[in-house]
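The two complexes that follow have chain A in common; it is paired with chain B in the first and with chain C in the second.
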Partner chain A sequence: MNIETWFLVIYFIAMAGIGVWTLKIGTKGSEGFLLGGRSLGPAVTALRLQSSSMSGYMFLGAGSLAYTKGYFSLWYAMGDIGGGVLNLSILGRRMRKLSQILGSLTSIEYLEHRYPSRWIRAIAAPVAVVCIFFYVMTQFIAGGRGLEMVTGIPYAWALLIAVGVIVFYTFLGGYLAVAYTDFVQAIIMLIGMVWILIGTLQAIGGWTAGNEAVGQINPNLLTMWGPEGIDSVQWGVIIGAVLVFSIGYMGWPHVNVSHMAMKRPSVARTASMYATGFNLLFIPAPYIVGIMALIILPNLDNPELAVFEVAATVLPNFAVGIVMAGIMAAIMSTADALLLQSGTIASQDLFQRFIKKDMTDSQSVWVSRFTVLILAVIGYWVAVNDPPSVAEVAIFATTVLGAAFVPVYVAAAWWKKANVPGAITSMILGTVSSVGWQLAGLVDVTGVDPMGVGIVCSTLALIVVSLATQKSHPVPEHVIAAMHETDKIGAIPAHMLTGQNDALGGQVPKDA
Partner chain B sequence: MFGLPTATVVIIFGIPAIWVIYTLIFVYLSRGWKAEDVAEDQEHTARNSRGGNTPNGPSTSANHERRPGSENGGLA
Partner chain C sequence: MREHSESDATGGAGRPAEPDQSAPPGRGPATGKVAPESALKLAPNITAAEALAVFRRKLPGAEAEVREALHPFWWTVLSARTRSLFRRSPKPTAAGSQSVDPTAGQLMNVLVNAYSGKGFIADFDPRGEAVTVDEWLDAFESSDQAGPQPGPGDVRRTARSLVRTKVVKTVKLGMGLSITEAAAPSGILKPNWVVTGANDRFSSTILVDGLDSSHYIVRVAKL
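For the complex of A and B:
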């Protein structure tokens, strides 16, 4: 084995060790497994929130966008930098508190408790599973590509190993394990990426010299308007690029679960500083490296490998091993967080909710494992036969999740008139409009991004339908009471905790 | 500056600066949230003294019946 492979093995073992350790220290029961006993502090909350949503895309997708579009690609980074603080400031405290009052353990279950109807979960769960699967697939591809580079193993076998390790991580299980490994990986990703950036800037003689060299290839690459120049700029696409990773985050069920797992509602406040600090250091780096790859590796066959190839070129051998292995481990174990969410949604939000309510623990475990395995097999098959563009798939999945869920999550915490018909219409219209816009090829025709279209449709639908159906479908009093309590700064009174209060205890729909 | 057009420099430094300002304003405006921690601690202490069922500390919800072992998607 070469030095990179050794480092990779050490990282895998270390991450597995963290998984086993958290299983020992973690609390038992549903809340312990799914939310880590709601015990996470600000640093873990913030970095878990960031790393669970960006590693595969950042190392392949961002570099690829930058290599092909120059500084135009930084529009995505501009939104992304504020995604964490926006999410934490708007949803963090309220979602943590409301989910505790409502007794919700998954982010999809939270929606059903806030909008009490089985149709909420019946619609939200499949949309979330499909989109998260697409995102998992980008991690598979990133893991396979990276492992191929690090070890020299052919892509198909490297992908198989990557998927196998990811599934193994998932089987270690538990939100606490996922949160702590994500936290460590976020730090590893940050160190690795900054190391690559510094090596890149040294290799090209500094940022200014690099920009001047890029300008000689095509001056438009230095502008924010794209390689074709300002005449071809599509403002709708730029607005969508900023929105997709800023407000789009608030629609990700696997990210929003971070709020529910916070130790206290006030954790969101400190976590926001960690999130912004991490994003400022980490997010621009792969884009800058991708742009500078145009000088270092001008004839790159696959732009998605820009960051990896630059790292291998500019870093000393020992550093390549450390950095690449760390990045690979981070990519693979980020995927386990996503797979865990898919398994949870399948067993908790679909199977147990609609098919077999008296499911035993053992049966629930097997439903999750079966779901994870099925997704892994399908993901492997697609990724090995016809691997799609990581950037395109990641942006598409984020767009649909954002369009479908941002209004319902935000209104769930803030707008007391948001009701079941409004939420159902919003999720359906958000999904259909964003997917339809993309598939119909209307982006090129209109210059408007599907994120913008989807978010406008879903927001308007939520407002208009909720207001129009207030009399026929009023928001239940126990939900209003829970929201009033969430408005207040203070401890949740004991009688508000579900199970100790008959009115709140009856909130979970029993009419499945 | 940095070999980049002025508009590029303004955008790639200006927008992150806006996010930093947003973060600082949020942190300032939410300074009162600490009171919630104190109140929650007091509630937790009172609940414990009454023999309340809070096995996981102050942030435990009681909607879901606790069952031993892993469940609901548990893969451990």
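For the complex of A and C:
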């Protein structure tokens, strides 16, 4: 076994160890398994949010974009850097407070409580599960490919190991395991990526020398307008790129659940500072490495492997092992968050809501775990037999999630007039328009990204339909009261809490 | 008044048991339970009408009746005092006496459930009418909760643990911390409301906290 493989083995064991460590807390009940008992501080909240939203894309897609489009790719980086702080600032504190007042455990349940109608869940849950499943499958494939490249073992076995480790600790500890492994993974990702960047800059003789060399290949690569220059720039694609990675995060149920697990609503403010610090250090690195790969590896067959190949070229063997652990960390942290979210939606939002209403906490946790297992098996089967294109499926799934859910999540926390018909129309139109735009091939014809189209359609639908149906479908008084309370800073008054005070269970008289 | 479920009298402190330095506790005349020397009945902050409103929020349109239920707690007061690592001697005043009482600290009221041993630091000053120990024991008998039924020594340990945890979160590294007992454990009766009723679909009994109106669903049945 080579030294790179040893590092990966140690890394896998450490991650599984965290799963075992959180087992006790995770099985205390639904709130423990699904939200870590609402106990997370700012650092874990921020880094968990960032690492689970960035995925293997940062190591595969970002490097590929930079390798093919030069500094144009930084439009994506700009959206990404601001995404975390935007999400935490706009949704963080309010979603944490409102979800506790309304007694919501999952991000889909939160939507149903805010817009009280079973149709909200009936529409949102399947859309979320399908998109999340496709996305998690791409992470499996990326994990398997990465492991295959480092260890040299066949893809099928590499995939099985990657899926096995992810499922193992998601299965054991639930949200807390995922949150803490994501936190550790974010740090490993950061160290690995910065290490590659430093090695790359040393290899090319510094940033200035690198830029001069890239300029000799094509001067347009040094501009923000793409390889063909400003005359052929597609503004619609630029707007879409910035939207996907800035406000797009706010529509991802698996990312938003971070807000609901915070220790206190005020954690959001500190967490946004951590998130910004992490983003500034981490996000530009893969893009710059991708651009500089043009000099180090000018004839790369597969641009998606730019960062991998540069790491293998410029770093010593032991460092490649650590960096590969970082890359696997990015892939796995997204995959586990997505798997857990799928399990949560299946158990809480579909099974308990529509099939077995009197399900106990323990049964709910087990349904969640079995769902995770079943999805992993299906994902493995598809990924090993007929693996689809990672980048296309991942971008498509996240685009649909963003288009369907961003307006309803933002309005849920901020707009007191957003009502049930508005939310239903918004989710349906957001999904249909983004899927339709993509499938009809209108992206190439118009140069407009489906994310932009989807967001515009779903936002307009929410505003117009909500205003038109205010009289027939007014927002319930208890929701309005909860939103007024959410406007305030400070602790939630006990009378606002929908959930019961379990400590009072120890004060029930005999004859009650 | 949510109890701190992590702090119970049976080991929540995570420290070796301290010798019980309390005065010999009183004994209930009939029950043999450990009883306090004195007891107090807290006045409810929440009215019966407000408890009914909580019930109707859970069961819209319900007809319901409300009655008060008292739950026995232990109450102790601790004084927590922090001091700097480089403490200066208190300056004498012009008259030669010390300017501050060196034993003075922040007073914290800790209430410990007489059954479960779980406690919480009250964010209010417990006030109410004095009642006899027999009334406290009657309230004790009115419930059949399982639990370690802590004595004064357990109550002291739980209270110290809660106060220490709370203060340690805010003190700076290197500061000293001393916790002293400002009042020995005594009995206190906490008011709750038992609300029973039904609407056209469900019947239910809910316990509403008499201090903060949080609730616990005792039972619910579909009609």
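What we mean here is this: the second predicted complex is superposed on the first by the 462 of 512 C-alpha atoms of A that agree within 3 Å, B and C clash if a C-alpha of one lies under 4 Å from a C-alpha of the other, contacts with A are read in each partner's own complex, and residues count from 1 in each chain.
Everything below uses one rule, namely that a residue touches a chain if its C-beta (ideal position, glycine included) is under 8 Å from a C-beta of that chain, and two chains touch if they have at least 3 such contacts.
This is a predicted model, so every value here is computed, not measured.
Trainee: Using the touch definition from the top, say if A:491 reaches chain B (first), chain C (second), both or neither.
Mentor: So A:491 only meets chain B here.
Trainee: Please indicate which partner A:372 is in contact with in the superposed arrangement: first for chain B, second for chain C, both, or neither.
Mentor: first
Trainee: In the superposed arrangement, which partner chain does A:478 touch: chain B (first), chain C (second), both, or neither?
Mentor: second
Trainee: In the superposed arrangement, does A:78 touch chain B (first), chain C (second), both or neither?
Mentor: First partner only, chain B.
Trainee: After superposing on the shared chain, does chain C or chain B touch more chain A residues?
Mentor: If we count touched residues of chain A for both partners, the winner is B.
Trainee: Tell me the contact category for A:265 with respect to chain B and chain C: first, second, both or neither.
Mentor: In the superposition, A:265 contacts chain B only.
Trainee: Counting only touches as set out at the top, which of chain B and chain C does A:209 meet: first, second, both, neither?
Mentor: first
Trainee: In the overlay, answer first, second, both or neither for which of chain B and chain C A:313 touches.
Mentor: In the superposition, A:313 contacts neither chain B nor chain C.
Trainee: A:218 contacts which: chain B (first), chain C (second), both, neither?
Mentor: A:218 sits against neither chain B nor chain C.
Trainee: Between chain B and chain C, which residues of chain A are contacted by each of them?
Mentor: Shared contact residues on chain A: 493-494, 497, 500, 505, 508.
Trainee: Touching residues of chain B toward chain A in the complex: what are they?
Mentor: So the residues of chain B in touch with chain A come to 2-5, 7-8, 11-12, 15-16, 18-20, 22-23, 26-27, 30-37, 39-40, 42-44, 47, 52, 55-64, 66-76.
Trainee: For chain C, which residues are in contact with chain A within the complex?
Mentor: So the residues of chain C touching chain A come out as 1-3, 5, 54, 57, 69, 71, 113, 115-116, 118, 120, 142-145, 147, 190, 192, 194, 196, 205, 207, 209, 212-218.
Trainee: Can you list the chain A residues touching chain B in their complex?
Mentor: So the residues of chain A in touch with chain B come to 23, 27-34, 37-39, 71, 74, 78, 81-82, 85-86, 89, 93, 99-106, 170-174, 207-212, 215, 222-224, 262-266, 268-269, 272-273, 276, 279-280, 284, 340, 343-348, 352, 361, 364-365, 367-369, 372, 489-494, 497-500, 505, 508.
Trainee: Which residues of chain A touch chain C once you look at their complex with the stated criterion?
Mentor: 478, 493-495, 497, 500-512
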